[in-house]
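Across the two complexes that follow, chain A remains constant while its partner is chain B and subsequently chain C.
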Partner chain A sequence: MSLRNLRNPGLWITVLAVALLGLWPIVTQRASTREEIFTVMLSVVLASSLNILLGYTGYVSFGHIVFFGLGGYVGLYLIIVQGWSLWPSMIAGGLAAGLLALLLGQAILRLRGSYFALATIGINEAMRAFINNFEPFGGPTGLSLNFQTYNQYGGAANALWLIYYIVLILAVFNIFLSYIVKTSKFGLGLMAIREDEDAAEVMGVITPRSKTWAYVLSAILPGVVGVLFFFKNGNIEPPQAFRLHLSIELLVMVMLGGYGTVFGPLLGAVGYQRLRGLLLTSDLFKNIQLAVAGLLLLLIILFIPAGAVGWLRQRFPVVRRFIP
Partner chain B sequence: MILQVSGVSKWFGGLKALTDVTFSLQEGQILGLIGPNGAGKTTLFNVINGVYKPSEGAVNFRGVDITGMKTYEIARMGLARAHQIVRPLNELTVRDNVMVGACFGRENHALGGARVIADEVMEFVGLEKRADQLASNLNIGQKKRLEMARALAARPYLLLLDEVLAGLNPAEITRMIDIVHKIRERGTTIVMIEHVMQAVMSVSDQVLVLDFGKPIAFGPPGEVANDARVVEAYLGDPELAKQLLAPSSDESEQDA
Partner chain C sequence: MNRSRRVMVFLVFALLALAISVSGVAAQAQTVVIGFTASQSGRYNVESTRQINGLNLWLNQVNDAGGITLSDGTVITFSTVFYDDESNTDRVQELYTRLATDDNADFLISPYSSGLTDASSIIAEQYGKIMITTGAASDSTYMKGYSLVFQTYTPASRYLTGALDLLASLDENAQRIAIVHENDKFSTDVSTALNDYALELGYEVVLFEGYDSGATDFAPFINKIQEAAPDAVLGGGHFQDGSTFARQLYEKTVEPGFVALLVAPPEPSFSELGEAALGVVGPSQWEPLAQIDASAAEAAGVDFYGPSSAEFNDAYMEAYGEEPSYHAAGGYIAGLLLQKAIEDAGTIETQAVKEQLDAMNLLTFFGRIQFDVTPEAHGLQIGHSMMYVQWQGMADALEKQIVWPPEAVTADPIYPIGGE
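Coming up: the complex of A and B.
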């Protein structure tokens, strides 16, 4: 990572795109726009994080939402039961998610291909079952925030804006992180693993270590935004925290935008959330949105496996300079 | 001794791919490893660089017992390899492929240093014009040179070359042999598996012949070429005899 890398126009185009999108609700000051963009920014953070594992390292995590849910639980537990403030709880949520990835990584990153993907689903389900029976986290009823808590942050209305700003900052930060990883020596090792793990080992890439750190990096920010999401939501329950279909939607976003690119997850998150917004207004689609997501994933894999950005980069190599 | 292989055997289920292989190699030498298809040559490489653990025996590299060590640990100690079946990192550029070798090999370079080495090595093997292309776009001859470049970028003490001439046309073969000579001049020790007999005989200091996993001859090329058992191992198979008499090999890479 050298400063020269930071002069890449593509990085700044991407950051500018996130910033402009994020500033829109601030300019209009409309709560409904804010909610819509909040969902998009949340998706950007989740998809971009997943991309470090899926896109750079080539490991498909179907159960990535486990980090979001666990982070949310740890954060809300600290806020509600231990009386911590939001900031340290956010950090604790991120660290808890990272720690889980560190422990899991040693065990399941030895599995390749679909075995790894299946293991990640198992972990999400196991975590849901565990928390369902874990009394400190409220078991099946979960944890609920006292409405008074928001007063520390200037009341509920202000708290919502505050959370929005934090998520926006995290989304921009995540784009930088994603870019820095991609252009670093660490990232080169990850991409070598993605292309041919055995060949990477023969060239000296310490694959267990690299994969584990990629997994940890891809887990921390989902843990942090988990805290924010459930803090905003006011309560957390096992089925909400570990929704497998959210995991699948994240995969769709990364694949739609273009895995392994910095810009792709952003484009995928925006595109997918727009599409979902349109579909949700129709009663028919409301019930089958997951089926639509699955179908979309299938179509992408069949026809544009590289995703939108990947496709552009293949068709027009000059684009590579501007879209990282 | 830079490499000592002692009593190595390797079983695959009921198949004994290597039987009691013992040899040692001095620094700066080129060892030619020959033998019919399926003789266990590639398996021997896999045992040396830690892809497989030997069923029996030990491998010692620069005074360290590396038996059972991880492939990447061995690579970082200065052992690099070019695969018989090329393994390009397809979606990365040629330069990035070569940089992986420099970054994670013996010298453990940062990206900046690795870039300098990559440029130098790409020029050395004649891939400099392809530097920014994706590795998947190279033709087979170029992919073979990419294997070589990645291995060289690691600045290894010992280089394992597995049939780097197979599948190349005569012009490419001449070019590759020239590259091997140059590597040797730099003092890098090489073990070279090859079917093109002339090439092996002309560059090797020592030759080891494997037949059905057993070492049947070991010594300077002149001696080995006249060894009765070697002649029998090869000439027992008219197909192979024909192949070996030809100056170039047109066989593809069916013997993985």
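Coming up: the complex of A and C.
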């Protein structure tokens, strides 16, 4: 990774796109717009993180949401039970998710293809069952935040804005992280694993180590945003925290935008969430929004399987410089 | 003043009077917007749909009657704005923020379930909107320091405690109880409170076990129940697991004298279990059988408000062609309480309506309504009590009867199960 890579216009176009989208609610000061874009930014962070494992390394994870849930639980436990502030709790949530990925990675990253995918489902379910019986985290009842806690952050209204700013910064940071990984020697090693793991090993890539670090990197930010989401939500329960459905939605976002690209997960997350948001609140479609969303996704995946960015990069090679 | 000038002056005054009267009429008519999310898809779809049916029935009745007239002559009618929350929390805060800001909802009704209500309560409180919750029984929601969130349901902590009161009234020698419950938030909250209450009453809790949501094989738990030989088995969770648990208890000929399970027994389809359903007791927020009307209020020494049970039942049957469940009654009552508070406040201003809700103590067809006003548990329902139903009669023609509390009973309880 050299500084020359940072001069790539594509990186800055991507960062600018995220920043502009993120600044929109701040300029308009509309709370409802903030909430819509918060959902989008959350998905950008989650999808972009998943892309490090799925897009760069070629490992399909159906259980990525486990890091989001675990991070949320650790963070809320520290805030509610231990009386910590949001800031260290956020970091602790991210570290807990990273540590879990490090430990799990040693075991399940030896598996490949569908075996790995199935194992990730099992991990998510096992974690949900564990937390459901883990009394310090409230067991099945979960943990609830007192409304007065927001007073430390200037009241609920300010706290919601604060959380929004943090998620926006994390989304921009994640774009940089994703780009740096992609253009680094480490990232090239991951992509070699994606193309042919055995050949990558022969070429000198230390595959177990690379895969484990990719897994850890992809887990930390979901852990951090898990703390933010559940802090904002006011409570956390096992079924919400470890929702397999959300993992699948993340896969759809990455595939929709274009896996293995920096811009793809961003586009996929924005497109998917905006589409769902519009359908949900549209008078015409709100009663059949799931069917319409499903149909549109089916059409996109059928006709542009490489995702929107993948299709653009294949069709118009000249745009590769501008859409990393 | 000549004639034409007098006519001109008259016309000017007439126009002014007309303008004033028109603006006066406009000021006297006001539409109040009620915002909420409904689970039009996902796992809460059935309960949420019934809840919204109940709310819409109330709204249509009020609007068809010309709205409500406040003391200053303002006529209030109601309209709703709602979105699908898909039965999950991902977008609840986004949608409630939209309702509170873009849609300018004057009042909010909660989504169905405690989890979704927890997320939406923060938004209601943040934007200073009163939210009446229905379908949200968890106690913890109301212990977070909110001041504008008001619960209509009996809280989870009192869901099954009445079943123990019933048991105590039936058999003072019954001492050993087993609690086997679904391992989710709602059932665990209920069972933990039940356990505490049982110990308080001097019962011996010989078994306290949780099973995973979606469990279909209860043999390990039934074996433990057989070993513990309790006088009563209480617990359960939701419809599917509760029905399976009741059936397997019957099939394995475990016959404690008393069985009380959450959620499943009040559902009409529970009777399809035949003999396995016979004698099983279940708590219900409201039952069509219960005859609650103005005479009951007089006996209780409080005011009665709204339709009687029979009137609500008939109106719902006519509107939707099915018997109302307690979810439907909960939706209706949420609107009715808002109506009462607005009428008493004489305005839709939040603080004035909140004060009326704080002071509310009345009887409705749904039961007694009173809210906790202490800062520790503001908005928690303290007036309403559960009813306990039991399936009775012949296995092929079971009938649901109310067996507790004494003022609502429609038949004597069967005890012990299989004893007659």
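Structural remarks
Just so we're on the same page, the second predicted complex is superposed on the first by the 301 of 324 C-alpha atoms of A that agree within 3 Å, B and C clash if a C-alpha of one lies under 4 Å from a C-alpha of the other, contacts with A are read in each partner's own complex, and residues count from 1 in each chain.
Keep this in mind: a residue touches a chain if its C-beta (ideal position, glycine included) is under 8 Å from a C-beta of that chain, and two chains touch if they have at least 3 such contacts.
Because the structure is a prediction, the values reported are computed rather than measured.
Judged by the touch definition given at the top, the superposed model places A:V318 against neither chain B nor chain C.
Touch criterion met: A:E195 reaches chain B, while chain C stays clear of it.
Shared-chain residue A:V27: touches no atom of chain B or chain C. Contacts of A:M203 after superposition on the shared chain: chain B is touched, whereas chain C is not.
In the superposition on chain A, A:K185 contacts chain B only, with no contact to chain C. By the touch criterion stated above, A:L284 is placed in contact with neither chain B nor chain C.
For chain A, the partner touching the most residues, choosing from chain B and chain C, is C. In the overlay built on the shared chain, the residue A:P239 is in contact with chain C alone; chain B does not reach it. The residues of chain A shared by its contacts with chain B and with chain C come to none at all. Across the complex, chain B is touched by residues 1-2, 184-185, 188-189, 191-192, 194-196, 198-207, 260 of chain A.
Across the complex, chain A is touched by residues 40-41, 83-84, 86, 88-91, 93-95, 97-98, 100-102, 115, 118-119, 121-122, 125-127, 140-141, 143-146, 183-185, 187-189, 210, 212-213 of chain C. Contacts from chain B toward chain A in the complex involve residues 49, 51, 70-72, 75-76, 80-81, 83, 87-92, 96, 99-101, 103-106, 110-112, 114, 150, 154.
The touching residues of chain A, counted against chain C in their complex, run 30-32, 34-36, 38-39, 129, 132-133, 139-142, 144-148, 155-157, 160, 232-235, 237, 239-240, 243, 245-246, 277, 280-281, 286-287, 289-290.
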